[in-house]
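Which chain is which? They are A, B, C, D and E, in the order written, and residues in each are numbered from 1.
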Amino acid sequence: MSAPPGETLVVREAGGRVAHPALPALAGAALARLGPGLRAALAILGFILLWTLVTASGLVNRELFPSPGMVWSAAVELWDEGALGSDLTASLGRAATGFVLGSVSGILVGLLTARTRVFSVALTPLLTLLRPIPAIALVPLAIVWFGVGEGSKYFVIGYTVFLAVWLNTHHGAAGIAGTYIRASRSLGASTRREFFEVVLPAAAPHIVAGLRMGAALAFLSLVAAELSGASSGIGYRIQEARQFFRTDRLFVGLIELGLLGALLDVAFVAVSRRVIHWEH
Amino acid sequence: MSAPPGETLVVREAGGRVAHPALPALAGAALARLGPGLRAALAILGFILLWTLVTASGLVNRELFPSPGMVWSAAVELWDEGALGSDLTASLGRAATGFVLGSVSGILVGLLTARTRVFSVALTPLLTLLRPIPAIALVPLAIVWFGVGEGSKYFVIGYTVFLAVWLNTHHGAAGIAGTYIRASRSLGASTRREFFEVVLPAAAPHIVAGLRMGAALAFLSLVAAELSGASSGIGYRIQEARQFFRTDRLFVGLIELGLLGALLDVAFVAVSRRVIHWEH
Amino acid sequence: QKVVTVGWGSYSMDAPQVLVASEKGYFKEAGIAPKLIPFQSGREGFEALIGGQLDVTVMAEFPAVVGTLRKQPFAVLAVLSRFVANRLITTPASGATDLAGLSGKKIGLPVGTNVQFMVDEDLKRAGVKAQIVNLTPPDLPPALLRGDVDAIATFPGAFGGARRILGERYRELPVSAYATTFVVAASRDFLAKDPATTAKLVEALVRADEVMKSDPAGAQDIVAKAAGKALTLEGIRADWDKYRYGVVLDGGLIDLMVREGTWIRERGIVRDTEPSAALFRSAVADAPLKSVAPATVTLP
Amino acid sequence: MAISPAPCPSPCPVPAPVTTGRVRVDGVAIRYRGTGGHWVEALAPTDLVLEPGSFTALVGPSGCGKSTLLNAVAGFVPVQAGRIDVDGKSVAGPDPEVGVVFQQYALFPWLTAAQNIGFALKRFGLSAAERRSQALAGLAEVGLEGRGNMYPGQLSGGMKQRVALARTLASRPKVLLMDEPFGALDAQTRASMHELLLGVWEAHRTTVLFVTHDVDEALVLSDRVHVMSAGPGRIVETLDVASPRPRRVDDVDATYLANRNRIMRRLRHAH
Amino acid sequence: MAISPAPCPSPCPVPAPVTTGRVRVDGVAIRYRGTGGHWVEALAPTDLVLEPGSFTALVGPSGCGKSTLLNAVAGFVPVQAGRIDVDGKSVAGPDPEVGVVFQQYALFPWLTAAQNIGFALKRFGLSAAERRSQALAGLAEVGLEGRGNMYPGQLSGGMKQRVALARTLASRPKVLLMDEPFGALDAQTRASMHELLLGVWEAHRTTVLFVTHDVDEALVLSDRVHVMSAGPGRIVETLDVASPRPRRVDDVDATYLANRNRIMRRLRHAH
């Protein structure tokens, strides 16, 4: 889908058509030589510097827009309280459980709707109507139906995960190249073998893409799920920080979400590259 | 990506390998003959029937799980109050404004990060860290930063839209086939013409896909945006229903979201098929 | 007409002065056009006040305590009412008839609010240990109904809804004399820029307060009209006595703020400031109320 | 990429006569439902016989119905009229007795080369070890010793098509259908695949139906060439190729040239 | 799909001698940075001269550096050593004087056929109406009258490549570089494209460098064939094709056959 990363640059250098090959181009060429990790670190350092300058300038209310130093102190405070660790455990546990529930059901329903017309006709319109309903709108129902314990949180997280995984699985399993099916049949495979040995692996890249999206969504719906009925977790801690006007602690929560989510995604991509090794 | 819809069925019929070509297969064949609209209507009718049966069975508390009839009455009630119409206007207005703000900025930043290395290096890591932070976690900050009026709502909606549109625009504009660029340059196009006449249209299918996702997200974040400082809108009405334990009115809100979101998506696809006519 | 933005919630019963002054035209007479902006909670209104989005807001005292400890630029102008009928709500299924009966049981409430302060104080006084479950107000009655928790504690405005949902299973447990104290507060900016308007605003509230005392039935009609479907006239009449209305500034407010401040500090989340009486006194701007009704200001 | 040696030691042993793999296409016509709901006539009523062990090519311009005819023999596409028999048994669906090699290889990318061949062997109820050793033997036959653990994505186009050929042969078909199997390969790789295919064919002596639009390919490989034309698809000319085997692409003669010019001219007027 | 008539009325008028479009490749070597960071030698130092108005083909197996050499002449790829001149001017980047036709057409799918050609005409500062009429004339030249408002997605592969050819010619190049332009077409369409290309070439008399791995194509089209070999890419044989024009694919002679066998054999040993 994308051109080899180096090539565009070569064309540009060879073309010599850039009207002002000034600072951006030169900086770009210099940056190209750094590794991707180093580049990201540099960008984040630059951002923190900017952030420090803005808060130090006195233009903003630091209680509402804390400086990096204040956020760091708040993180240390949360760590000393032991809240950082326990929040992580609680949130990751919830996200993981909701993710497993949502993705298992999403894969099953997706395979059903993709490969059996009756299920497709019966379920696709309903699922299409469910998609625009956000998890947060379902929190009240979740509490009523599943109680204030972990059940409702699993439901809210699992719901968003389910929709993403179902959609991807459905498209993957419905769009399998006809030649795979033809090859399988003309090699004498039974319907059962066709399903397990051809349909499933052929849809696997899409399923894994759905799982990746689902993992991101499990994270995104965590805050909504922990709004009510939780007494630990990142979402809870964000709520608590809000109640006590601790914007610095709120920022810690947001940064936790950002870092964890990004790390999770990187880990997910690394693992899925191994599972779906033939796609790369 | 997907095989022509008719073909799989043909293969199946010809194959004659289905062990029990019983009810599902026959029903499937019959359903295949109906139009897609009719099939969806049938499915939804069936679902409403099922729902009626469940609520009539007395197995569920109807205060917490209202019957279709109760939901219909609640909808009529809301209509008579004039709330249905005003909610729609308010919510659609907010979603539209947030969508426009988010998508314009998303397209601009996406084109910048895709075509200029310095911006890519500086912004991509930050945007990656922002992605796992849900809109709802930003609501407290939005109120403080952007006010209680519509500003904070536009921010919350625009934020989610921005991330989706940026990501798609970035991938679209970064992954343009090298031959288009080469063709453009060897036909004597200037950098300016290359950008407006080649890069932009070549990235357009991805941008439009991002806009479609953004439109869905504008809808999904509406409820979060209307949690605070709103006195109308579907999200507000859902909150209100929750405060007063009117599960029937809550269902009306959820169904509104589902229907509107689905309709919007259908409309979006229809329009974008015309805009990106060459992709079909 | 000077436009004043006012943070507002479902406070029809908690702060009827605002509705009465509006209806009677006292604001208009004072040259003020109040613009009510609704919030789900006093907390959000307070956030908007701090963010410079509101001129004044109505809320319970608790956010003011936190805001003072966090040195936010605002001031309390006056107390509007005190809700003196706080209760824990339970059902027969819990088997509890008093606080002691909740020992080892689960109590649902919104954590980080005055409700938690109230329950904590009472449990401590009674020497009872119970498990607190954090729930947003709308989720409290269904959680109790489902038996997820054994009792709930909620905000004054939510008792009616809880009674409706729980039906005949609705039971109340008496609690201590904690009174939710509803105040009106202004941003420091607004106070500094327009002291005259502030005083006129307070004056209009004082006039409304007097009407409520002299003609409660008329005031109740006004509230019923303004509240629309959310409250019935009968409900308003039945609950009227659960409030002690009066635009005042008294020592009781400071005492309560110190108690809450100490409690918050013990929880360890806000610990940068000593919750002294002097600190909270400094968060109260008594000049406007003093200028229109000096007798109602009895601060130490 | 080494090209495998000449298909048999000279003098060639006379192969035993083949008796199975007779394909009879009898008045077969095929229509598709087009996008507008109306029918597209893809193949006019067509008769065709493939003798056991023969190698037949089908050439013709794009869209003339070559794949349609082949897919009907493979059991992928139902016929609207007429019937297709393989050894007297009517074709009702895909059958491992009728093997197919596809242009796009259709190797399963999630299986290694050996596992792909193993997939075809499963129907014989062998043990895993037997399957593995037979799969490796199949790979060796197409010149891919030691590549058993490579995934299709790691193989070049020519190698992929060799694996696909080995996989199809592993299910021991009596008839081998090939739909532009070398269409995606460059001219040099294609030439070496021709030699390989002929070698394998001499060894297995299945009946082959080979679809291509490359006249040279048809002439190098087959005993008989059917030229098709579109609108609706039908056979417009049949030509027997008598040149002795083994044939060499880089050493063709005047008969070859005459046949080539004749088919070329036929194709120019066929579309 | 009608094939355009013979390239010129007989007797052919003797064309005026062409003087521009001389390409000189002088000791050009090209390396790429591979995935591991180390360098891949794609083209060993190579000399090559394309005479004004000549038609030169480059044949060779996949990966032997044909595209690399062509892309260097086009200014797409920087050279590591040596220099490339077009009419004495060193190539520093893409230039409309050196037109390129790509295998994957590279037509802009969001523009109609006429607009695609108009894209190339913009640099001449014409009015929109003039652009349109010149674009339509260009389309007519490649046999696509009346197709101006069709989008590339609505055209067949052969038609797309005609539009691409017309677009490149519209920028009035002195040199025309074609990288396997007909590789994706079926054999019949390809043959008709050959006639079309030769007709256009006779009319414009640009210098043509034509990359292919199809020996027949090279022999039918060109004055001179360079055979390349890989590891690193280099020219291993050069062959002048003297057969008189116009040549016909469906009526080739013995000289043709000798040349063909010679190149085929060279290629067998080249990779």
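The working rule: a residue touches a chain if its C-beta (ideal position, glycine included) is under 8 Å from a C-beta of that chain, and two chains touch if they have at least 3 such contacts.
Keep in mind it's a predicted model, so treat the numbers as computed, not measured.
Colleague: Going by the stated contact rule, which chains contact subunit A and subunit C alike?
Modeller: Of all the chains present, those in contact with both subunit A and subunit C are B.
Colleague: Please find the two chains that have the most C-beta pairs touching each other.
Modeller: Going pair by pair, the biggest contact count turns up for A-B.
Colleague: On a CA-centroid basis, which chain has its centre farthest from subunit D's?
Modeller: Chain C.
Colleague: Relative to subunit E, which chain's C-alpha centre is the most remote?
Modeller: Taking each chain's C-alpha mean as its centre, the farthest from subunit E is C.
Colleague: Where the CA atoms of subunit C average out and where those of subunit D average out, how many Å apart are those spots?
Modeller: 85
Colleague: Nearest whole angstrom, what separates the Cα centre of subunit A from the Cα centre of subunit B?
Modeller: Here subunit A and subunit B have centroids separated by 17 Å.
Colleague: Calculate how many whole Å lie between the centre of subunit A and the centre of subunit E, each centre taken as the average of the chain's C-alpha atoms.
Modeller: So the centre of subunit A lies 47 Å away from the centre of subunit E.
Colleague: Would you please write down the residue numbers of subunit D that are in contact with two or more other chains?
Modeller: 75-76, 93-94
Colleague: What positions in subunit B touch 2 or more of the other chains?
Modeller: Where subunit B meets two or more other chains at a single residue, that happens at 11, 15, 17, 64, 140, 144-145, 177, 182, 185, 227, 242.
Colleague: For subunit C, write out the residues touching at least two other chains, lowest number first.
Modeller: Subunit C, residues with two or more chain partners: 47, 50-51, 138, 142.
Colleague: Tell me, which parts of subunit D touch subunit E in their complex?
Modeller: My answer: residues 1, 3, 61-62, 186-189, 191, 213-216, 249-252, 254, 257, 260-261, 264-265, 267-268, 270-271.
Colleague: Can you list the subunit C residues touching subunit A in their complex?
Modeller: Against subunit A, the touching part of subunit C is residues 43, 47, 50-51, 66-67, 70-72, 108, 111-113, 132-136, 138-139, 142-143, 146, 148-149, 264, 268-270.
Colleague: Hey, which residues of subunit D end up touching subunit A in the complex?
Modeller: 74-76, 93-96, 98-100, 102, 104, 106, 108-110, 119-120, 122-123, 151-153, 167-168, 171
Colleague: Once bound in the complex, which stretches of subunit A touch subunit B?
Modeller: 1-3, 7-8, 11, 15, 17-19, 24, 27-29, 31-32, 39-40, 42-44, 46-47, 64-65, 116-118, 121-126, 128-134, 136-138, 140-141, 144-145, 171, 174-178, 181-182, 185, 190-191, 216, 219-224, 227, 235, 238, 242, 247, 250, 253-255, 257-262, 264-265
Colleague: Sort out for me which residues of subunit A touch subunit C in the complex.
Modeller: 61, 63-64, 81, 140, 143-144, 147-149, 227-231, 236, 239-246, 249
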